[in-house]
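Below, chain A partners chain B and then partners chain C, in two separate complexes.
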Partner chain A sequence: MDVASFAISIMTWFGIYALLSLSLNLELGYTGIPNFGKVAFFGIGAIASGALASRLMLAIAGMPIDISSREALFKAGDLIAQTPLTFPIFIFSIVVGASVAAVFGYLSSYPAIRLKADYLAITLLAFGEVVRIIARTDESIINGPYGVIGILNPYRILGGFQTSLLYAVTVWVIVALVFLFIYKLINSPYGRVLKAIREDELAAESLGKNSVKIKQQVMIIGSAIAGMAGAIYIHHTGSVQADTFVPLITIYIWVMVMLGGRGSYMGALVGSGIFVVMDQVLLAVATTYKEILFINVNYLKQIIFMLILIFVIMKMPHGVVKEKAVKTPALSLVEEELSHAGSREGS
Partner chain B sequence: MLDVLVGGLMATLLVGSLYTLMALGITLTYSVSRFANFSHGEFSVIGMYIAVACFEGFKLPYYFSLPLSFLVPGAVLLVAYTFVYRPLEERRASPIIIVVSTFAVAIALRYVVYIWVDGYSREIGRNLLAYPPLITKPLAVFHGYTIADNFVLALVIMVALTSALHFFLHQTKTGRAIRAIADNVDLARSKGIKASLIKSFTWFMAGGLAGVGGVFWATYTTISPEAGWLVLLKAFAAAIIGGMVSINWTIAGAFIISFSENVLMRFVWLFFGISLAYQPLISFLAIAIVLLLRPQGLMGIKLRRA
Partner chain C sequence: MLEVVKVVKSFYGLRALDSVNLKVEKGSMVGLIGPNGSGKTTLFNVISGVYKPDEGEIYLNGEKIAGLTPHEICGKGLGRSFQQPRLFKEMTVLENIMVSARSQKGESLSKALTRSWLEEEARLAKKAFSILKFLQLERLAFNPASNISAGQARLLEIAKVLMGDPQIALLDEPTGGVAPRLSEKIFDYIRKINREFGVTFLIIEHKLGVLFDYVDYVYLMDRGKIVLEGKPEEVAKSSTALEVYLGG
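Then we have the complex of A and B:
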């Protein structure tokens, strides 16, 4: 693989991880919901869009809807790749992934608003495993343990380099939109309410903020973003297998958010960037020194990531990018008022 | 039908015993430290692989590994507690942060186990990363079901260890100190109890119990370093039934989970045709039902505040 396509592949993964860490940061960093089941919503998005997009592809190609047949899926993919329908299928996939994940996010907000942090953590962790076990066992969703393959990249007709380049650009357009959305959300009075709930739920409620409703909304938004990332992921890899969605992914996202800095939208991006680069560097080292290293570098990689996480928790709990005060219109009005008052007093 | 029931009940006893051993550690550590230890499953995995190494390396029956399977996981958990969890605890970090650190320790340990097992597999030329249940010696046949030595040993050891624990917690000075710390750390300190020493001892015991549970798990089902998640899920389900503080209800919880998995699930499968692959969902259901209906656990006492 040449350098350019390598860089593009990294950018695509970076985009997917950035979406996931932005969504965890919204929940954990701003609202204080410790979502230990992030992989569940990523998985739900991927599984739902994989199940529906593959069936849609077969339906459009006029074939019997049987996702267990690899040949049929590949044939349908070849047929549809010739038509301009590929992009609408991709959009459909993202919408499906985001909305199904949002529904489950709403359902799981039920425990999220009631339980203490560590109880919530085990509930959501278990929920992630439930999603994986059901998807792996029930063959009617994504063909059980075999998964669905042949999911179409929206730019497949261009072929090779251009396909991956355009896909990476599309992913980053989506990341930019999500980032803008979160930026606007956080720097609005709503963002201040989120932080108030994180700091002291009781105090926020005493000021008339409905913390239950707001936590529900945050879970819905965060899960929708994670579901979107799931749909993007399957169109990138072309397949979806239930056993991809292990709790290890959740802890990766936690590494990114904790490393980048909780409660900082830039932190989420920086954290996922550092993670992706380190991941690739370690992989490159592994392939270069395959003969010298007697241990599997994939194992060593996990240990290094976890040691980094422990180090961050113990020595730099704020992460790389420190949390900044929100920039809301109300706050700047107050500051203006104060400076006016100050100048009046001075004169 | 009767045979299904008998087989299910026998499995309930064996599996319940090993869930008890695994879950007690979670309850013990939560009682003294007030945070959930998500790395608990890995100590059972270490116990499992010590048993495998004992069998593969020295050709000894699995139960010879029991002392080591108690000491090594206990020591490793003590190290993790001393260098990671305790500093965070003393800094009064939020429970979420400590939970994340236990999670990180879990994954790090898991991949240390991976590296060890991978190297060891290459050394003996046999893949240990997915290993069948360890060989047990059949002792008797009951209703068409073989009673093997792991069944008897697991029950005996479980009963012995839990009664020893009960005696220890209620009759000895150290045990009473542990309970005093679980009740109120500051008050216990003011009475001259060396809280940090007692806590460290509790964490060591928790790791040891998990390791012993792991040995019996290895005689019962296939072994892989990934078993940690499953152990964690089941141990937590049992501990949560006990509200994370009651030893007796944790034991009851372990048997409730085990009974649902081995008896109820088989009947659900017989009558409704629901696949046995959904078995792990029972633990999740138990966690969800208990936490959402009775967050204080089934025993009805209110959780003491940290």
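Then we have the complex of A and C:
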């Protein structure tokens, strides 16, 4: 792979991780929901959009709906790639991935309301595994353990570098829109309430904030963003396999958020950026020196990331980018009042 | 305005509240006193919806509120402070006060994304600043709430309640851990709010000397029961109060 293609690949992965990181940061960083089942919603988005896109491709190509047939899926892909339908399929697939994940986010918000943080973390962790195991065993969803392949990249017709470049640009347009949405949401009275719930739920309730409703809303939004990332992921890799969505992915997303800075939208981007670069660098180094390495590359990577997580928790609990006050006009107005008061005192 | 009727609350067989009756008239300032463990804070927790009463009824402006959630009760005009200030520590002092205003437009998910809340936000910011100024906390507006003294935390806790424009405020030891001079200042402020804005107060306080100078009526609790009620001067002279506090 040449340098440009490598850079484009990193940018695409960065975009996918940025979405996951922004999503967890909204739940954990701003609202204090310890979502240890993040991978479930990423997986649900990927599985739902994979299940839909593959069937849709076969239906449009006029073939029998048999997603276990790799030849049929490849053939359908070749046919549809020639038509202008690839992009609408991609968008529809993202909408379905996000919507199905949002529905599951809503359902899983019920324990989020009733359980204390550690019990909730365990419940969501188990939920992630349940999703993976169901998708792996029930062949009617994504062909069980074999998964589905041949999912179309919306720019496949262009071929090679252009396909990857345009896909990376599309991913980053989506990331920018999600970022803008979260930025506006956080820098509003709504964002203040999220932080208040995170800090002290009972105190927030006593001030009239409906923490149950707000936590449900956050779980729905966070899950929809993760589901969107799942759909983008499968259109990038061209396949969906249930066993991709293991709990380790959740831990990686936590590393990104903790490293970047909890309660900071910029931190979510920085954390995912550092993670992706380190991931790729470690992979490159490990591949180069694989003869002299005494340990499997993947294990080494995991050990290093866990050491980073421990270091961040102990030495940099706020992460690289520190949380900032919610930016509303109240900030500047009070600053102004203070400077007036100061000048009055001075005169 | 607030009426507590035969309220019972038990924890693992222990009756923390034993058929408590209490009435707070609109516009009044009422004190709730009693030794530690007498059930005062539990009563606040039951009134404000933190606990559901096992028996009895609670009325706010004639409407039953027993069993409602804290946010629903707050929405009906009841604000409260906590014995240990429950501040949002990673947020600034200003954010703590701003978030305490009730039913803000921008707190709805759909409106947060529009600009429809900006005008209200500006109005609330001015109000927040005037409260901060009155309590001499304005220089701390941009400090994290974790970075203020215990006395300032008490003031901030009161400021949060007042920012919510309650019809009735339950204050749990508003001057706990605060110097006597500042205690009087806090009570002066509470009385000012009471007189100027008609906010009704029910106040738990251990500094009886200060409390009795400000409140219109006092309830004395002991072992989960109201054992005495009356005007402050009557309660101060009562032998029951002496027995409760010193043991009889």
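Please note the rule applied: the second predicted complex is superposed on the first by the 329 of 347 C-alpha atoms of A that agree within 3 Å, B and C clash if a C-alpha of one lies under 4 Å from a C-alpha of the other, contacts with A are read in each partner's own complex, and residues count from 1 in each chain.
Following the convention adopted for this analysis, a residue touches a chain if its C-beta (ideal position, glycine included) is under 8 Å from a C-beta of that chain, and two chains touch if they have at least 3 such contacts.
From a predicted model like this one, the values you see are computed outputs, not experimental measurements.
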Combined model on chain A: chain C and chain B, fit or clash: fit
Which superposed partner A:Pro317 touches (first chain B, second chain C, both, neither): first
Chain B versus chain C as contact partner of A:Ala4, first or second or both or neither: neither
Partner chain in contact with A:Phe181 - chain B first, chain C second, else both or neither: second
Partner chain in contact with A:Leu293 - chain B first, chain C second, else both or neither: neither
Chain A-centred angle between chain C and chain B, computed on Cα centres after superposition, in steps of 10 °: 80
Minimal inter-chain CA distance - chain C and chain B, angstrom: 9
Of chain A, residues touching chain B in the complex: 28, 32, 34, 36, 110-111, 114-119, 121-123, 125-127, 129-130, 133-134, 136-137, 246-248, 251, 254-255, 258, 294-296, 299-300, 302-303, 305-307, 309-310, 313-314, 317
Residue ranges of chain A in contact with chain C within the complex: 181, 184-185, 188-193, 195-196, 198-200, 202-212, 217, 263, 323, 325-326, 328-331, 333-335, 337-338, 341
Interface residues, chain B side, partner chain A - complex: 35-36, 38, 84, 87-88, 93-97, 99-101, 103-105, 107-108, 110-112, 114-115, 118-119, 226, 229, 233, 236, 240, 275, 277-278, 280-281, 283-284, 287-288, 291-292, 295
Chain C residues within the chain A interface of the complex: 48-50, 69-71, 74-75, 79-80, 82, 86-92, 94-95, 98-100, 102-109, 112-113, 117-118, 121-122, 124-126, 128-129, 132-133, 138-139, 141-142, 160, 164
